[in-house]
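The following blocks contain the structures, represented as structure tokens.
Next come two complexes, and both contain chain A; in the first it sits with chain B, in the second with chain C.
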Partner chain A sequence: MKIRPLSIYAFLYLAFLYVPVLFLPIFSFNDSAIVAFPIQGLTTRWYENLWANDVMQGALWNSLRVAVACSVIATILGICGARALTRYHFPGKGGMAALIMLPLVLPEIIIAISLLVVLLQLGFNLSLISVTLGHILMAVPFSIAVLSSSFEGFDRSLEEASLDLGEGPAVTFFRVTLPIVAPGILSSLLVTFTISLDEFIVAFFLSGTEPTLPIYIWSQLRFTAKLPDVLALGSLLLLASVVLLSVAEVMRRRAAKRAGADPASGGFL
Partner chain B sequence: MNERPIIEIDRVTRKFGSFTALDEVSVQIREGEFFSLLGPSGCGKTTLLRQIAGFDDPTSGAIRIDGQAMVGVPANRRPTNMVFQNYAIFPHLTVAQNVAYGLRRLHLGKAERERRVQEALAQVDMAHLGARRSNEISGGQRQRVALARALIMRPKVLLLDEPLSALDKKLREQMQVELRHLQRQVGITFILVTHDQEEALTMSDRIAVMFGGKIIQCDSPEEIYQRPRSRVVAEFIGGMNFLDASILSESDGLIEVDVAGFGRAEVKKPADTTFNGSGLTIGARPERMTLVYGEDASFNRVVSGTVVEASYYGDMTYYSIAIDAVDRPIVVSMRNTIGRRSLAAGEKVQVGWGPESLVPLT
Partner chain C sequence: MTSASGVPVIGIPLSEAAVIQAGTGEGASSGWRARLWRSEALRGFALISPTFLYALLLLLAPILVIIVFSFWTQSYLEIDRTATFVNYIEAWTDPLYRILMFRSLGVSAVVTLFTVLLAYPMAYYLSFKVDQRKALWLFLITIPFWTSYLLRVFAWKIILGYNGAINASLMELGIIAQPMEFLLYNVNSVVITLAHAWAPFAILPIFVSLEKIDRSLLEAATDLGDGALRRFLRITLPLSLPGVIAAALIVFIPTVGDYITPRLVGGKDGLMISNMIQVQFGKANNWPLGAALAVSMMMIVAAASLAFVGLTRLLSSRIR
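Up next, the complex of A and B:
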């Protein structure tokens, strides 16, 4: 088989993307505090450290709570927004859509500082709740972007058929609309969960005394001796995201198949 | 069928901005009738159907179903059910779940619900496919599911929005017969929207022909076909020759006309129609005239012509025939029965006709 230039390019591109990530698990088993080749020997010491590290576990727990709350709330808001933007015509729609999508392009640090100023002015105490609010603000545009494509492909006569068969608008939404856009909702939950989980700047400004996982990791990086711990943590997170993505994709495909769509289209994998 | 109107459309107008989709439409549809709304796309027929279903309300005018005022009543509280153009089968449900969809609100027992679903599926020959997913059935089967799903609600009126347009020709013809049969069986008023004149002619008790937001003729299929009132209706339905004529005299029920190239004839005058001026257009269907082969002298009214073109359709051949004093060739169709010789272009023929070949048009 002839090796084509584009294949070489694609291979190099993928290597550039993923080889650094592969160093994470390799060095996390390296029996040396110094992250450098050659490998000194195998150890699970760093993982044992993690297991005993209450602060890290607290940060992980904080991050998970924030991410779950953020993904659920942002997706609910996204459903409302995407439906309004794809279904209805109203004055100021274009401007409103632009403003909702603006956080996608605004520098995060600007959002973080302005939120900090406003929350302090309003007399809020900085806590995980303020972090969640900030993350929702950032996640809603992603949710709307993902859900809009779902809603746009939605055949409106299905809702009319439900009305025609005697169901009111609310029941119609739960019996027809929701099940059919379920794959989009699943994608939105996944995207917003991930955004919240690895978000650093907004969390850094708004978290007060309860650190989320990225903030904890950042704080550990100042100590060279702690670096292997972080590598072990990173490896676990990598594994978790691969598992999570796979499960979500399987569920999405199943839902898409049930909804009669082509399961191979519209996913992340 | 009885004479009681189940649906009364009373001067219904619907405007979308400056565009008038329905212009003072009034029509009464009788109980148990198979009624068709026929017209080209954009004539307002689907808009009118959606007004009856409750997906849209008129700008002005009234709609009554079984004596009840319907304007402002949402679709889910109207005694109508609809078969959508794309069938709108719920993709996340099985065939049986689709059919059972509307029964939830009736709070039937499980056994009764299943009995009704089976009955409705059997009615459309789908009893064995209840467990199928909606993406595992064919187009014709989807249409049957849509029918069963609507009929199970026992509506006073069933609305069909171009239900056969997505099917291929053979299946469409088969479904035309089945739909007609089903309608007689259940006795429910059917309102069919279609742009296919043949479909409307074969299935309907009455047809309303719509153009530009108005019903311009509402009659039985035979009346519509044989005695179209206006040139637009005649042009839309079937093939028609248009001949110039002048009015010689008018008496009650008859007008005497002089048709260019053909000569004088007394033709039936349609009720409550007035013709302005002395000229009018006469329509003549290709199959209401005949070609007289040289040896046959039994036709007393004939005009001479020359075959310009022959179009062979299998069972029929359509001949274009040039006649002196008629500016365009007229079309005459002949059934290809045994022993009938095909004519070639350039042959001289005699066209036989009579007063009953001619329809005065406004």
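Up next, the complex of A and C:
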């Protein structure tokens, strides 16, 4: 701790990242429909409103279904991708990896409109399935990033030992490989689930008549009277994301440790 | 792309290709399947193919379709499939689209500059000053990035809005009589919101490149009499430049095409090109024009990014 100004800067930076977002939970408990300091008193009635809101609950249910499907499929694709990229060498690897990771930097609206055009031209109707297809595309790069840290430091000699001792590839996979990478897989499931749960643009273009939770929030932003309800809902969504991601990070580090890699490296991008 | 996860984005040595050819060329009939299975390259191919095919079919193919679409025309519901440049001529000559395009590029450039400048000291602090709890710091920085983008933008609307936290609080306290309208619905609010939303993304690539710097180089510079500033300018900064470039691109490319922020906090004067693309696919119902705008945006962003990378490379080679 020699250079003090830099650590002060670091804490200010963290504050800059967090304080604006904290306005949502703070005002969600404010006993006034107007978002302003000073706080008028504490209430939980905005949260109680959500309890009775059928439309919101329908949207939540839609979001959960999409997020579960997205996380399972994206993680399976992520396992294939991360394993192939960390374990094998093959021609065209760089190009393939670049295409798979492309959604990380591509503006989301490009993904949304190109899928929209193709799906409609092929005669599909927009539904939660089309949203899921788009979410998988966006979640796979993150799944690969998370899984890589558990695959990368993976000691191949463990698998080789199992094969040398006469076990087949399948048994080796289930008894050696899987236990080591399991926390990484769980981490990937949680991260991709959260991405899908929070995603707006692709759902906005592809959801048809069934709204997901972010779409529902978007539709409510027009009504000033509904603002406190949206704040309550948004706070819950933020809380859910933070909890899911924290568990995911714990899992990812455990996976990296088991594989013998430095848990501080890698992970979220 | 440089990523801390180390997903390799590099080509493979040619010798590998030779290995498969040699492997399949040999014709012992009993062993060929085993050899095929043992072939590294084929197993790698087989393993990556589901993921790759998914991206090929749902990402690359649709983007190609959009490009084809941009050369067609649409009148009401009929799509005319004769190839024409009409959409591109309109996209590039109509002042409305040109203003939106330039504004998108300008806003993104300013946001990129701010985020990278603010992120560098933070990344430097993490890499050089934090010994323990590095992972915790990294996690704290990335968490906001992983929560709902929509809600993070929405938070700024609550803060800056006409009836927002700043205005309402100041009025409540009697400091101002009228809400300050200049806070929200202009280009500045878009820049502030985007800079906040993308801040964490800029730190990570810079942090990774700082971590890679061999600390003995710094010691050598000190031993040879360089002061702290000189050492930073001659060693740390040039060696972390790849991370800075990556950070700039990671922020610049997606923000040019951002839809939510200009729509929520931009008002009329803060709209960007993606809002117009959405209008073409929605209300205006002119998909080919929307496609042409999207393709133009991608091409301009790609050109600007290449120019930026080329320029920084040239500058850094001059410095050395």
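Assume the second predicted complex is superposed on the first by the 239 of 269 C-alpha atoms of A that agree within 3 Å, B and C clash if a C-alpha of one lies under 4 Å from a C-alpha of the other, contacts with A are read in each partner's own complex, and residues count from 1 in each chain.
Criterion: contacts are C-beta pairs under 8 Å (C-beta built on N, C-alpha and C of every residue); 3 or more make two chains touch, one makes a residue touch a chain.
Just so it is clear, the structure is predicted and the values come from calculations on it, not from any experiment.
Once chain A is used to superpose the two complexes, chain B occupies space next to chain C without a clash. Of the two partner chains, chain C is the only one that A:110 touches; chain B does not reach it.
In the superposed three-chain arrangement, the CA centre of chain A forms the vertex of an angle with the CA centres of chain B and chain C, and that angle is 90 degrees when rounded to a multiple of 10.
Looking at the superposition, the partner that touches the larger set of chain A residues, chain B or chain C, turns out to be C.
Of the two partner chains, chain B is the only one that A:179 touches; chain C does not reach it.
Contact with neither chain B nor chain C is seen for A:251 once the two complexes are overlaid on the shared chain. Judged by the touch definition given at the top, the superposed model places A:72 against neither chain B nor chain C. Of the two partner chains placed by the overlay, only chain C lies in contact with A:13; chain B stays clear of it.
Of the two partner chains, chain B is the only one that A:157 touches; chain C does not reach it. Once both structures are fitted on chain A, no C-alpha atom of chain B lies closer than 6 Å to one of chain C. In the superposition on the C-alpha atoms of chain A, no part of chain A is touched by chain B in one complex and by chain C in the other. Within the complex formed with chain B, the residues of chain A that make contact are 155, 157-158, 160-168, 175-176, 179-180, 258-261. Across the complex, chain C meets chain A through its residues 1, 3-13, 16-17, 20, 40-45, 47-52, 54-56, 58-63, 65-66, 69, 118, 121-122, 124-126, 129, 134-135, 137-152, 154-159, 161, 163-165, 167-169, 171-172, 196, 199-201, 204, 249-250, 253-254, 256-260, 264, 274, 277-278, 281, 287, 290-291, 294, 297-298, 301. The part of chain A that touches chain C in the complex is made up of residues 1, 3, 6-7, 9-10, 13-14, 16-18, 20-21, 23-24, 27, 34-38, 76-78, 80-91, 93-111, 113-118, 121, 133-134, 136-137, 140, 144-146, 148-149, 152, 191, 194-195, 198, 200-201, 205, 214, 217-218, 221, 224, 230-231, 234, 237-238, 241-242, 245-246, 249, 253, 263-269.
Listing the residues of chain B that touch chain A in their complex gives 53-55, 74-77, 80-82, 84-86, 88, 90-92, 101-102, 104-105, 133-135, 149-150, 153.
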